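These are the structures in question, set out in turn.
Common to both upcoming complexes is chain A, partnered first by chain B, then by chain C.
For the complex of A and B:
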């Protein structure tokens, strides 16, 4: 009865299969092959790529580095984004201008901005060291010292994506009901208490969503690393995406890079699910 | 008269048997040089209604001359020529994927000559008539070697590359600076003959304004960025310690056992000296790619550098602040060379030098191409005498000397206004490398990208202080063993034997 209804689902299902399921299944298949620059094609080598990956310390180090990078930058983006959203949510002059101004970094092209930032951080020609010298401070090896290069990549990420946080959180703030604030005012709550007792709890669900979206995006960081440091110095700024890119498209180890990609995908799904559950449990009181 | 009209009219004249073919001069190339692929000869061909697909590097290096000559070829022959420009990092896979999937996506390919180990089975052999062309016969033996895989010529030579030392001649000849160096270092200031001397001189000249420009100067600009051709710089540095002139049978591997030699003492010492040189780099110098190196030396910031021709040519551009104040020399050598046969260091009175015939640009025609005739005509046209003479004079084109005639100092002094001494220093250096007995070629085997990527990562870790030189190269050797195992030792050996044959031939 009403079997015809499934016919109407068919176009959607076909699109789903074509754009999501097939590439994913094909990647799974490639990951069990030795497809390489010298061995093209889909042979079957069992789990050899996965066994090799297990011993690939560079991959796991890149994953660890990515975790630190994504966690730290998203946390800072969240704090800054929230602060800026609160700033223009209130009754300030020219708030429309500031709202647009704060969004500009997000609207720029990551590759272009990475080139600009690389120039800013350039150790002999860049303006940043010029400012430091003018201020009587010593110039810094922004991109050639391992720690500073990592910090430089973080700065660019934070600069570029704080506006995204700002946008989501501002939208959340603007949708909050006024009654709890009136009640807090009547109860004599100050601005700090109002924030922690009223605003923050009501923003928790949106915060979790914003943080998760940014974590997903931040974990794919590629352009900034590619342009600014190429993963160096050494492997100090090499992230998972960049490492997989090197193995896949530079070294042309398609089978191996497919196994790296799939493992990365699974780790991301599991870790982001756990992070989401923990954050909801900690932050969102009303989980109905 | 517009360029197009000139070309069409000239083509028409040529097709109809017209003489006086001045077209090459009218399009700014210079006088046409008679030959089988001259403007006149190519203008006599008609490829109307046919398409030629070319993949090449991004503009300007090689990409710009590819497009320029494609445009002229199209107008001369009536062919529809499509040129795809790809950044270097993507070039390999953009060529390889169509090869592996059996598509004839491109007829003509421009790429790094070291990839021949991966590409050779997909390339068409250069037809005999092109090999016998006097312009091809004029290519030096070294660059014919580079174009050859086994006994087949698969690559169409249109560039010649090598690494050599560039230095500020005016500073080395400055008597005041010479005296200062002698006083502080206790010896005369000389062009470095060893990498130890290079480091010593470079460090001495770092951190002070030795050219009176008001800016701080530094000793050495080197290509150190991990994924920006650093592996070639490292090979230059390690070669004299690891390439013993009396030991045959492999530089990267022991050809017999296919055991990597990359972590043997010669290579390790090269890396240690590389690391020491960081003290002479300009700010940010530990992150310099090829472009940074070119502009650092070419812009007058550093005293010395070594790599491809580009930095020298940049320094000799008409607008360069150091034009005619630079010199060229063979790469520094080593007085102690690791002998892997005896397992000991051998001492040399005269420093051992290794001529690193580093990879350069090359071109080829795809075996799967349906337009081989047109494709070879295009490549022959690209490399004809007039076009080559023109391209050699434009630094950003990335076309460097590869024919005997290019090693004539008068070519550079007359055409480019170089001072005789500079031109002489340049051509003598290039000729010395070309004829050197102790040559090093790139590792032209299947999977070269993997080997070099692994090498660059290890060297970069050592440069960044993440590992010691020995630890870093040990890890590279481990990875090389795994790569050899995956590809198959026999397969790598068969390919590597071609390289070793070139190295051991003199």
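For the complex of A and C:
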């Protein structure tokens, strides 16, 4: 019955296969080959790439570093973004101006801004150390000290993506109903209580959404690391995607980097699902 | 609990404009302690504006609000100690029912044993003791509205309880029970209650005094019976009562007044000018087949079934009126002769009731 429907479904299915399924399957296939710059081609070497990955501490360290980086920056972005959104939510002078101003970092190109920030952090010529010296503090090796370099990358990441949180949370705030606030006022709740009992519970669902989107995006961090530190000093700022980039495009070990990517994908899917579930359980109470 | 006085109160959302548009036109009114009031009017008539001014959510552009003689116009909601229930049920999503009800007391740092005592007592009164531990988000709309109400009642020192169309989102059969609870609360707490509504049945059955509003103006304030029997103007006559009041156009000839479809000749009200429009107003409920001084004749155009009663729409010349009769049997097209007691009919000149009685000159 209605066999013709497949004719109409076919274009869509073909596109789906071409765009998503084929590249994915191809990656799976490549990950079982030893394709590299010396031996290009699809041979079959079994799970040797995966065994190598298992022993590759540099990969797992990068993954751990990424979790810290993404988790910390997204959390700080959330807090800052929420604070900024609350600031320009009410009746503030020139709130339109501030609303646009806060969005500017998000609109800039990550590569260019990373170059600018690298210049700002520059040890001898950068303005940041200039300010520190002017304030009577000692200059810091921002990009050549392991901890400071990590902090620098975090700062740039937060600077660039707080506006995104700001935007989503402001949209959420502006869609909130008025009555709960009137009721809170009548019940005698102060601003702090009003925030924690009225605003925050109503913003829980959109918060979960915003945090998840940012976690997914933050996990792909690449340009900032590439431009600012190139993963250095040593491997101090190397994240998963940057390490995969090194193995795949610099060392041209296609087979190995394919296995790294696949593992990365699976880990991300599992961990983000768990994170989403936990956040919904904790924050969005009416879904229980 | 307090007496609420509105002194020369008015509100405009653009008070600085050369001709400000008033959401609420200047008015003086006193609401006594422990009474129930209803603000009745269509959407946008200014009743919510009035309520928000009393609760302090809105500052009036002119005039003063006094609670027990004390000027509270400049004070915020918190200082006025008012309770308000909104059209949409408001609950604190992260709390249980008990925590919700206790919230106003927690904000005011009432000792916890006292909080527990009052919450328990109130839950019993509102028949929701079994729900106290339930998370508030799991309640149904009417239960949530009860929680909103309970939050207003839990403070025993509130000046007044303001209800802003609280029953709109509630199912009709639950509405009745909720209204009964409101009355029980008023009986127990002797609390000044102000109900805002656009539903005349709700207003008439709830309040001791009903204030009818239209276009930012108080059109008439009085007991439900006054509003029903002696509407001050055509607007109130149309707005209150179902079906609405009848208004028949009258024409004056010398010292006699005639109505289309009316056999009786009526006296002319004094001081009537030629340009005035004169109408005779009476309730469909006051029309009777036999009793009454004023005789009306016409043909039945429509019959509406309302249980024991029938509401007839009758064409009498160019006039059209409705009559509510019990156990009437007949059909569309029948010629009927009906009567209205002169005491239940009123003259309306240019839309407003004049105090003079309707007199019959000839049969």
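Assume the second predicted complex is superposed on the first by the 286 of 288 C-alpha atoms of A that agree within 3 Å, B and C clash if a C-alpha of one lies under 4 Å from a C-alpha of the other, contacts with A are read in each partner's own complex, and residues count from 1 in each chain.
Rule of thumb we're sticking to: contacts are C-beta pairs under 8 Å (C-beta built on N, C-alpha and C of every residue); 3 or more make two chains touch, one makes a residue touch a chain.
In this text, all values refer to a predicted model and were calculated from it rather than measured experimentally.
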Touched partner set for A:34, first chain B, second chain C, both or neither: first
Chain C versus chain B, contacts on chain A by residue: B
First (chain B), second (chain C), both or neither touched by A:249: first
Chain B versus chain C as contact partner of A:179, first or second or both or neither: second
Chain B versus chain C as contact partner of A:222, first or second or both or neither: neither
Contacts of A:201 with chain B and chain C, given as first, second, both or neither: second
Chain B versus chain C as contact partner of A:151, first or second or both or neither: neither
First (chain B), second (chain C), both or neither touched by A:232: first
Chain B versus chain C as contact partner of A:193, first or second or both or neither: second
Set intersection of chain A contacts, chain C complex versus chain B complex: none
For the chain A and chain B complex, residues of the former touching the latter: 34, 36-41, 52, 58, 122-124, 129, 139, 141-144, 146, 229-236, 246, 249-253
Complex contacts: residues of chain C adjacent to chain A: 55, 57, 76-78, 82-84, 86-88, 90, 92-95, 103-104, 107-108, 135, 137-138, 148, 151-152
Chain A residues touching chain C - in the complex, by the definition given at the top: 177, 179-180, 182-183, 185-190, 193, 197-198, 200-202, 285-286
Residues of chain B touching chain A in the complex: 89-90, 92-93, 96, 100-101, 118, 225-228, 282-287, 301, 446-447, 449-450, 453, 457, 460-466, 482, 486-487, 491
